[in-house]
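The block underneath contains the structure these notes are about, expressed in structure tokens.
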Amino acid sequence: MTANESAQGPGMKFFVAVWIGLMCIVGIEVIVTYRHLPARDLLVWLLLLAFLEAAIAVWYFMHLKYERAALVWSLLPAFIFVVFMMDHVWPDAFRVATMRLLAQ
Amino acid sequence: MSEAAAHPPVHHHTAPTGFIRKYVFSVDHKVIGLQYYGLALLAVFIGMVLSWLMRLHLGWATLPIPGLEKLSPAGAPGNVMTPEYYLSLMTMHGTIMVFFVLTTAPFAGFGNYFLPIQVGAADMAFPRMNMMSFWVTFAAFLVLMAAFFVPGGPPLSGWTAYAPLSAVGQEAGPGQGMGQTLWAVSIAIFCVGQLLGSLNFIATTLDLRTKGMSLARLPFSTWAWFITSVIGLLAFAVLLPACILLFLDRVAGTSFFIPSGLVVSDRMMPHNGGSPLLWQHLFWFFGHPEVYIAILPAIGIISHILPAFLRKPLLGPRVLISCIAGIGFLSYMVWGHHMFVSGMNPFSALLFSVPTLVITIPATIATLLWIGSVYGSRLRFTTASLFCLGFISVFITGGISGFFLAQPSIDTYLHATYFVVAHFHFVMAVAAIFGMFAGTYFWMPKMIGRMMNETLGKIHFWLTFVGVYCIFMPMHYLGLAGNIRRYAAFTDDYLVPLIPTHQFITIAALATGAAQLIFFYNLVWTRFRGPKAPDNPWEATSLEWSTTSPPPFDNFGGRQMVVHHDAYLYGVEGAAADYVMQTSPEAVKSPS
Amino acid sequence: MSDMEMSAGAGGHAGVMEESPFAIPSGKLAMWCFVLSDAVTFSAVLFAYGYLRVGSADWSTPFQFVPSVLNGLVMTFVLLTSGLTMLAAVEAAKAGRTAAGTRWLWATCALGALFAGMHLMEWRHMIEEGWRMFQNPLGGSVHFGAAFFSITGLHLLHVLGGVVALAVIALGFPSGKYNRIDVEITGIYWHFVDLVWMFVFPLVYLMNAK
Amino acid sequence: MGKAFGAVLVVITLISTAFFVFHGQLYWLPEDASAHGHGIDHQLMETMLGSGFLFVLSQIVLGLFVWQAAGRKEGWKPKTFPGGPKPMVIAAIVLVGVEILTLSFVGSKVWAAVYLAPASPQALHIDVQAGQFAFYFRYAGADGQFGGLHPDKIDEGSGNFFGLDPRNDVAARDDVVVASLTIPVNRPILLTLHSKDVIHSFYVRELRIHQDIVPGLMIPMHFTATRTGKFEIVCTQLCGLGHYQMKAYLEVLPEDQFDQWLKQQEAQQ
């Protein structure tokens, strides 16, 4: 795939539609926030929406959709892997809460 | 119009003439490579001198070291080193060696010089960015050196700068004031430099390969540098914010790494609710990949050099490359093994120990491939090949002790003892340095156009090889005896009997260090007196040997190289010589 | 290291050079790599924020809908819109409509500056309320200020950098000093800044809404 | 040159190994004094044998091949290793794979026994505070209650190392604070470790216990001493200029002598 193909994107109309979609997701995020869910549920919701939003942005706004699959398969797994590994800090984060030295 | 046409990848800038543009702010990757190499030489010399001072102090704690008072009146009153100054020197030794030697020489130095040549490019993808990456790194070095001369002296919290010792400021001791701040700044700057470098390496490897240089035909060294840059891209990206947060804790009064209610030297700290373990996680998330950033280029370099002297290809080149990549991949899953007894959740310890042990598999495969390649060869014994063999030996020795430290249960006893010091010096420091030496003796003819003195080289090798075993092997025994590292002196009842061993190590260290002076002399002698080097002194096959020594400004004198073969066609049947250059059109069936 | 395995085997024999496995200009590849690395940087900071929040019993959630969340909402709107104008610039540049492309670049630049301005206003407002990196006027965990100012500050730096970059490109684009690929590359960066905000807004603003 | 390398390598290997085999008292772990220690020692021994074998084997084979490679005449036709890379890969995966599997299975058990098993309810609870550059130990006293900690009240001068508040805090009044740890033999001990300033570490070679003391955390650590004696507690986590001097003694006494000792201490408070 070369520039010629990636040059003929879907055109602005489509991007405007995507943009509206993104704004809607942000709207949903705010609505969810004021449902006053417990923090954990809220976090889950917001993260899901944020990742959806980010995915759309990467896919269309950053034109990843119009690049070679090789690029997608190089960047995304690397990032997902790193974030997955970073999650190994949580057990200690909770330790801070449960084993806190009772000092004032 | 195609993208390639829109952005011609080969940079047709003409050779600069002025001294500044030619040798100082040069965009030529070869000059930058030499600059990195020079920086590493300077750094390694400083780091080595520091280790001499440390070893002297460990052997004879009250021994006056002439002139030390000049360097630091407070740190060495009457030329006798104070414990805190010992820690400062140790911290600087670690930081300088890990960042400015082990990362700079095998990766940035040789990588900058040879990666573009080995892929057949005229220069890096982004020459200006390349220049920037060096000067940023150099700035980082200057900032770190400045720590020697600020009040309080250099930081004393080790190269890992564990918070809160590194975060609470000078209450925690001299050097924890200005010195530690400079440390954080220096490392943050260093990260930026390495990120720029990594971007350049990746783009160059993927985009600037000359015709016929498919990824499968890249030399091992190029593969290693490429994989290392990918690791660096993700690892330094974590250290950078970590250093920024540490900096904020120190100057902006935040408490990222500082918990509530600390009383340091009878003063209540204003900080609140931070977590020291958070620093350790951020640091080691970078820190473990960093170990591989140091060692993988060395692995690539010796894998590149060995065939030229074995006169036959290595066993299973694809397997070897997969091993390098596999090690790089695993390096992100194991950082917790530095934190087994750190107060980390004990479940995580089990989780981290398994991939740590698994790393030994690709490492073992690589080692066996090297050993198996030596079998049935008629080895040409040059200094370069000797250092390659030495590398294999120390890599095995250092790797083996990994078996112990990878297990939380055994680490319970061995953690923070000299066993650990022995382990990482063998597998990371000495191995990477051997790779650097091998590269130097192998490539210096190409880099400065003169042959190095083989006799001096061989003397250097023997003294170094035996020397490092005399220094680091006994540290295993000390570790088993429970000898704690990072002690300025040994006053505990059970440590006192071990002091003679430390004195032996000190003597070995001084001798081995002295042997390095032969190397420095050899370099200088070669630069000015060495005999002119032919274009291909080792009868090697890869692209750097298809050009003049040293290569012209655009590497191949305006020629666009075309590659026809794999990188290591040695001992080829029915070929004109016993080897076939990558660029030779001669049609041969590659030996399996 | 999935990247290498993917790209291995790629590369035909056309032209004087091997084709890049991704078939994109080096500049674009480098920007993608930078985006990857910068994404990791932001993740690290956000993880630190989460880590400290999990470990703090007395976390304070001070943001009222008016002004803070609403303000954040408007800022989000501005930034997303700037993303749209950036796309317009890229499209125009690709189609060779230089003048239009330049206009859109300036529009993006302006929106970016507006975002930064609003952000600084908000900072001022919070600082007046007594928020500091080391101080919490509500008496809760001090990490709120630290997390808020460092995360949004890091993002703000990226925005300002982007605004400058956009201005430079917009100045050089008509004269042909920069071509459409440079515009695209700037676009990738700008959208990334946008994308980071898509996490900062929910995690830093909404998660701390009263 | 090559023969020399082969020879030197073998010599180095043999000498290095000799020190591991004939280590004597100096270069080896002290005799284990804890209930869980034998597991660790056993694990260490297993690893020592397995990896020692690999070490000697690989070094000597390398030396041998290099030695052979040196003796060959001009025009020698290189031979490839029989079977090429496959045997290498298989050998590595099988040999090392088996070793690490067994090691991690057995090792995990040992680790779990020390760090994941809960302390026995009868365990004698001792509170430990580390600071630059000393350890202090606290026994609950007659009421079996520890007084609360008040960092702001910490005052080395008046000997209030823990920051106790006996005036307002009844539980704190009979707390026994000492500078060296004394414990009864064969009785489970539960330590709660905390630090007043930076990270320290609690390491007793004979007891095979090692735990960093992280400021802000209260980290439990339990063990049972199986023989009487006087051991050294040392700090293994770089904690500042006095790091190398930071130590305390641990004395393991017979039950009766311990009770006696504790009574004396309580009387002195």
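Order of writing sets the labels: A, B, C and D. Residues in every chain begin at 1.
We take it that a residue touches a chain if its C-beta (ideal position, glycine included) is under 8 Å from a C-beta of that chain, and two chains touch if they have at least 3 such contacts.
Since we're looking at a predicted model, the values are computed, not measured.
At the centre of the protein atoms shown, by the Cα-centroid criterion, sits B.
Set against one another, A-D and B-D show the most C-beta pairs in contact at B-D.
In terms of the distance between Cα centroids, chain D is separated most widely from C.
Separation between the centroids of chain A and chain D, computed from CA atoms only, is 43 Å.
As a whole-number value, the distance joining the C-alpha centres of chain C and chain D reads 47 Å. Taking each chain's centre as the average of its CA atoms, chain B and chain D sit 30 Å apart.
The distance from the centre of chain A to the centre of chain B, each centre being the mean of the chain's C-alpha atoms, comes to 36 Å. Shown for chain D are the residues that touch two or more other chains, namely 151, 215-217, 219. The set of chain A residues that touch two or more partner chains comprises 2, 78, 82, 86, 89, 92-93, 95-96, 100-101, 103-104. Shared interface positions of chain B, i.e. residues touching 2 or more other chains, are given as 3, 6, 230, 234, 259-261, 273-275, 277-278, 281, 285, 343, 347. Taken together, the chains touch in the following pairs: A-B, A-C, A-D, B-C, B-D.
Of all residues in chain A, those touching chain C in their complex are 1-2, 7, 9, 11-12, 15-16, 19, 22-23, 26, 29-30, 33-34, 39, 42-43, 46-47, 49-50, 53-54, 57-58, 61-63, 67-68, 70-71, 73-75, 77-79, 82-83, 86, 89-90, 92-94, 96-97, 100. Note for the complex: chain A touches chain D at residues 95-96, 99-104. Per the touch definition, chain B reaches chain D in the complex via residues 82-84, 87, 156-158, 162, 164-165, 168, 172-174, 259-266, 268, 273-277, 310-312, 315-316, 319, 341-343, 346-347, 349-350, 353-354, 357-358, 360-361, 364-365, 367-369, 371-379, 381, 386, 389, 392-393, 396-397, 400-401, 403-404, 407-413, 415-417, 458, 462, 465-466, 469, 473-474, 476-478, 480-482, 484-494, 497-498, 570-571, 591-592.
By the touch criterion given at the top, residues 1-3, 6, 230, 234, 259-261, 275, 277-278, 281, 285, 332-333, 336, 343-345, 347-348, 351-352 of chain B touch chain A in their complex. Touching chain B in their complex are the following residues of chain A: 2-4, 78, 81-82, 85-86, 88-89, 91-93, 95-96, 101, 103-104.
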